[in-house]
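Here chain A shows up in two complexes: once beside chain B, once beside chain C.
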Partner chain A sequence: MDAIILQILNGLDKGSAYALIALGLTLIFGTLGVVNFAHGALFMIGAFCTVILNKLLSLEMVTKSATETTPWGTPVEVHTPYVVMWFGKVGETMIDYSVFWSILFAIPVMLIIGIAMERGLIKFFYKRPHADQILVTFGLAIVLQEIIKQIFGANPIPQPAPDAFVGSIDIGALIGLGANTVVYPIWRLVYFLFAAVIIAGVFAFLRFTTFGMVVRAGMADRETVGLLGINIDRRFTAMFGLAAVVTGLAGVMYTPILSPNYHMGMDFLVLCFVVVVVGGMGSLAGAVAAGFLLGVLQSFASMPEVKEFLFGFSIDQVIIYLVAVVILLTRPRGLMGRKGIMET
Partner chain B sequence: MSDNKFKRRSFLKGSAALGAGVVAPTIFTRSANAYTNEPGDSRVVLGFNVPQSGPYADEGADELRAYKLAVKHLNGEGDGGMLNTFSSKTLNGAGILGRKVDYVTGDTQTKSDAARASARAMIEKDGAIMITGGSSSGVAIAVQSLCQEAGVIFMAGLTHSNDTTGKDKKANGFRHFFNAYMSAAALAPVLGKEYGTDRKAYHLTADYTWGWTQEQSMIAFTEELGWETVGTVRTPLSATDFSSYIAPVINSGADVLILNHYGANMVNSLTNAVQFGLRDKVVNGKQFEIVVPLYSRLMARGAGDAVKGIFGSTNWHWTLQDAGSQAFVKSFGKEYGHPPSQAAHTCYVQTLLYADAAQRAGSFNPCAIAEALEGFKFDGLGNGPTLYRAADHQCFKDVLVVRGKEKPESEFDLLEVFNVTPVDKVMYEPDNPMFAGGSLGKCNPGA
Partner chain C sequence: MLKTTDNKDRLMMIVFTVAVLAAPVILAPFGAGYPDLMQRFAIYGIFAIGFNLLFGLTGYLSFGHAAFLGVGSYAAVWMLKLLSVNIIPAIIFAVVISGLFALLIGYVSLRRSGIYFAILTLAFAQMSYNLAYSVLTPITNGETGLQMDLGDPRILDAATAPGQLPPPSLFGLEMGDTHYLSFMGLDLQFNVGFYVCAAILILMFYISLRIFRSPFGMLLRAIKSNQTRLNFTGVHTRPYALVVFVISGMYAGLAGALLVCMDPLAGPERMQWTASGEVVLMTIMGGAGTLIGPVLGACIIKYFENIFSRVNDVIVGNWFSGLPDSVGDFLSAIVSPFLGSGWQMSLGLIFMLVIIFLPGGLMEGVTRLLGWLGRLFRSRNNDDDADAPQSRKPPPDQRSSRPASPKES
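Let's look at the complex of A and B:
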């Protein structure tokens, strides 16, 4: 039982990241009809917003020791962060909580990057075939990750969670399963809650604001909304920016779970496309539901008991694709896709 | 009749002339190119095949720094580094056999096909006489095989799989780096002493040649110690989140987790294991422990605080106090402002060993160099007395058991040398079952 609860938690946690990225992807596809292969790069750039802010907050004054030398004969450098020099303990706390500050930092950065990406490149490919869109956005993703690699190197850069969120929580003891039976990292629970808040926020924005209503109307019938004198293109550009922010924030909060590296976006990209297809192209609710569903399925598939049941054959890396194949064969529009989409 | 005689004589004369014409250049060619890429009188080209892109690019960059430093020292520039401490005194800063050392570089991308393509380009287009470098066993085995076919020497970089000098060994390939068997042989006694002999181990293993041999070696040595193996799970090399593999460990009854992972896999699996509170758990009445058989300081940095107190092994560490290590750290630190990694060390040493072998052999012929390296005993290169065994082209030297440092004093000060395991404790017979199945074959000079 405890193993099952742990895998459900793992799945929900993994699914949170899938759902957030897939939500952004499907927002772009649903509004602009663009297949954006640079979306994984936005997740990676979000993560590097944390790295950048952490580095900025940790900017140090370097002094040379008068007494100590390195093994190669140069004076040892003494590093003291400026914020600690200026603000003492408050400065230390600022660095400690840099992941949270990064949320504030990442929102305008991702918005600008998203809008710049759409206005500067992607808008020229709206009327081109999907293959062209895939090629250009995939190329853009590679360019972006190579830029990050040139600046930050190829190795992962650890971003610890704030001290108060380090460690794990004994959920087993809380729900009466016994002490130390279900122990789960605190930050992963924070990530799940954060994802839930962001997803709820996006849905509320689209459902309860006039802007959101127009966007939804535009998604349903772009031409008619345009004929009503509404500049739907401008709103769709804003949605691209919003999608970039959602995906970037997913990356920001993921940094204590997975040390950021230049390639992390690509690791998620293909999986998230599968999530979108399973959920239904253009369906926001479908993307979220499929994200969590596939995250949980993937976690269960990696259990040793499942492997034993399948005579030693490991399916955790293929389960998502197997589900995608079954869905595409039996219900091409996806779990919650609109009737007619991908069914012709 | 006379016409016929004339014709026959003319034919014989013509044939002789034609034969001489054909044979003469052949003899000349064979004499000029007795082996692949025989260098001219002024320069010799070495090929440094390192990951310049891909996940191990930082390690590749450090390898390249070491190679450039070695070239400088071989050409008589800089402070000479380990040339001053090397027990063999044939290298004097005048290049190799009087030729200035030049180099070309290739990018392995840590992909076997890309590594072979870049090695081939360096051999065929740039005239590289020796190929060296790399940060992966899969790549090392692929490039070693190519060098064997091409008739050039391959001085392996960072490759830790038993197979490189086991079932996939080649006469033209030489490995200075230690291997999975040696790591396990060195670690097991320390683990027994520190954690006891009644332990239950669970293995998470990267699913490729190095992971398999590392797992096999660790199981063999820990079970010999009295430990029980309660689970072995292969994880895909592409995995980034190991949470779903860590969760079953908690309920497996294991009290030790052995992470047969390297690079980004190691960083992520170790971080995940620590996040799940494994190190705070008490199982079977014992403190839960994690072991990382192969450490890389460059990559340990990515795991941050998670490495503290974790045992592993390494081929070399910059804090060693022997004269060779200190000379190398001084040279490297002066040049680049930070200490070298184990990958940098092994690549620097491999270049010097190749150059020295050529000097002693008096030739660049790969077979002469191979002969000079086989059974070569040396000292002063940072690992104490070392033997390049003739039977499998594997170096044998002391092995360092290291532990993640609790209170690092700098960003480079992540590991502390816990124990130096003497070479005789990690030695094995060439026909050991873990290395069986291949043969060196014959040296190929190419051409």
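Let's look at the complex of A and C:
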């Protein structure tokens, strides 16, 4: 029992990332009808927003200590970040909580990148064949990835979680399964809650605001909405920006779990495509559900018992693809897919 | 009508054969006339021809073609390890295995078309990569890559050269053998491995030509232009698509096997998504759906990859050494991210530029240029040509200004 709960919890954080990225993909896909192969790059850029802000906050001044000396007799160098110099204790907390500050930092950055991407490139591809859309975003993904590689190098850059969230909590004791049976890192719990809030926010935005209503109408019948005198293109551009923000934030908060590196975007993107296909293309709820489902499934597949059962082959790397095959053979439109979406 | 196309094809075949066989002479002035690079031209030419059979004819965009290349490579290495260093069984085994693999993947992926198909093939390729990288380490030797080993059984020829690893060969002709010749100041290198690849390339080109001209090829093109209509006329399209998918996978497997025959090493990075993207780029750059385009695209991409990735900061610095220091530093700071290890970035940029400006590839560019030149030529000769064809686009006022700016082309 406790092992099962632990695996479900383990799957949730990865599932949250899948769900957020797949949600962004589906938002773009549902509104603009474009499959964005550069979406993984947005996730990666979000993660690197954290790296940039952390670097900026910890810019430091190096002074020579007046009293202490190193064993070689030279004065000890004291590194003081500027924010600590200026704000004292508050500055230290700022550095400690840089991941949260990065959220504020990433929102405008991702919004700008998303809108620039749509207006600058993808706009010109609505009338072109799907293959061209796929290929041009694929090229863009390579370029963005390589730019990040040029700037930050090929090695992962570890990002610490805030001190208050380092460590684990004993969920087993909380729900009465006995101490130390289900121990779970706090940050992953935070990530899950964060993802839940974002997903709920996006759904609420689409459901309860006039803007969201117009967008949903546009998704159903773009032409009619345009005929009613609504500038649907502008709203779809905004949705692209929103999708970029959602994906970027998924990347920002994921940094303490996985050290950002330049190819993390594509690694996640391929899985998220599978998630979208399993969930049913164009279905927001399907994307989120399939994201969590496959995340949990993946974590179950990495259990030692499963590995033993399969004669020592660890299938956690491929389980998602196998499930996708089974789903496609039995339900070709995915779990919640509707008829007529992208079937040409 | 049929007769003339036949003659055209024959001419193209002859020109292609001569050009490929004379490649060491043709490529030497460009600094590309050495065996390693020419082998890669031929091998990736085969790979691109195979990809073009699928994408160019049916319009199904497979984003996981490198998986078949990788499977072919692994199969070929295993054959070299188990049976003999003769490349024939390795190639045959690789083609069969990659064909079977393509059958499996194609059967599942071809249930959907369009974007779904691209995503599915990408996912399968990534799955194969993961399998080769970690899960199936006993078969693939994981990250290190699979290579020949002194302890290999090599049932047929283990006794011939005890104590050392023999290179892959074709009945005694070693792939690495090169005949050097100096001709008009050029160092010509005639390599056995290259000529093996070249012979296979020519054969594969011929097969692709036959497929293009056959009723089967016609049907595949019909799938591309209007699949629904084809279904309504009572043609079940999926088996046809599956057949061409398998053929295309076998081409890729053959290319993988040849890569191994030239250099007996197979690693998982051959299956990565960038590798799949590269073959798509080659085909589109040359011109998808044309016969000669993919080979051309493969040569161009491999040539620039080779040149770009060998340039390092020192060489870039030398380029600008004549300029003042600050200007030189500035220029090399701009240029160097695109060269050396940054070749991938140039690849991505070329990719985007080709898709944006020249979606029909180089072949379309050449056709457009020829058409434009033809119009220009005609309009110059007889300006008052009354029954000019409708396709003559430029209005009279522009036409007179055109010849003044020939550099536009």
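Everything that follows uses one rule, which is that the second predicted complex is superposed on the first by the 321 of 344 C-alpha atoms of A that agree within 3 Å, B and C clash if a C-alpha of one lies under 4 Å from a C-alpha of the other, contacts with A are read in each partner's own complex, and residues count from 1 in each chain.
Following the convention adopted for this analysis, a contact is a pair of C-beta atoms (placed from the backbone, for glycine too) under 8 Å apart; a residue touches a chain by one contact, two chains touch by 3 or more.
Quick caveat, the model's predicted, so the values are computed rather than measured.
Engineer: After superposition on the shared chain, which partner residues are touched by A:Asn231: those of chain B (first), chain C (second), both, or neither?
Structural biologist: Neither: A:Asn231 stays clear of chain B and chain C.
Engineer: Once the shared chain is lined up, is A:Val143 touching chain B (first), chain C (second), both, or neither of them?
Structural biologist: In the superposition, A:Val143 contacts chain C only.
Engineer: May I ask you to decide whether A:Ile315 touches chain B, chain C, both, or neither, giving the answer as first, second, both or neither?
Structural biologist: second
Engineer: Have a look at where A:Thr209 lands relative to chain B and chain C in the superposition and call it first, second, both or neither.
Structural biologist: The answer is neither, since A:Thr209 touches no partner chain.
Engineer: Contacts for A:Ser65 in the overlay, against chain B (first) and chain C (second): which applies, first, second, both or neither?
Structural biologist: After superposing on A, A:Ser65 lies clear of both chain B and chain C.
Engineer: Quick check on the superposed pair: does A:Leu329 touch chain B, chain C, both, or neither? Answer first, second, both or neither.
Structural biologist: second
Engineer: Applying the document's definition of touch, where does A:Thr80 land relative to chain B and chain C: first, second, both, or neither?
Structural biologist: Neither: A:Thr80 stays clear of chain B and chain C.
Engineer: In the overlay, answer first, second, both or neither for which of chain B and chain C A:Lys14 touches.
Structural biologist: In the superposed model, A:Lys14 contacts chain B only, not chain C.
Engineer: After overlaying the two complexes on chain A, where does the chain B footprint on chain A coincide with the chain C footprint?
Structural biologist: The overlap between the chain B and chain C interfaces on chain A comprises residues 314, 317.
Engineer: With touch defined as at the start, can you tell me which chain A residues reach chain C in the complex?
Structural biologist: Touching chain C from chain A are residues 35, 121, 124, 128, 130-132, 134-136, 138-143, 145-147, 150, 266, 270, 273-274, 276-277, 281, 313-315, 317-318, 321, 324-325, 328-329, 332, 342-344.
Engineer: What part of chain B is in contact with chain A in the complex they form?
Structural biologist: 53-58, 231, 233-234, 236, 238-241, 243-245, 247-248, 250-252, 264, 267-268, 271, 275-277, 280-281, 298-299, 301-305, 318-319, 326, 329-334, 337, 339
Engineer: Could you pull out which chain C residues touch chain A in their complex?
Structural biologist: Touching chain A: residues 55, 59, 61, 63, 108, 111-116, 118-120, 122-124, 126-127, 130-131, 134-135, 228, 273-274, 277, 280, 284, 337, 342, 344-345, 347-349, 351-352, 355-356, 359 of chain C.
Engineer: Which positions of chain A touch chain B when the two form their complex?
Structural biologist: Of all residues in chain A, those touching chain B are 2-3, 6-7, 10-11, 13-14, 70-74, 149, 153-158, 160, 167-168, 180, 183-185, 187-188, 257-259, 261, 263-264, 267, 298-299, 302-304, 307, 314, 316-317.
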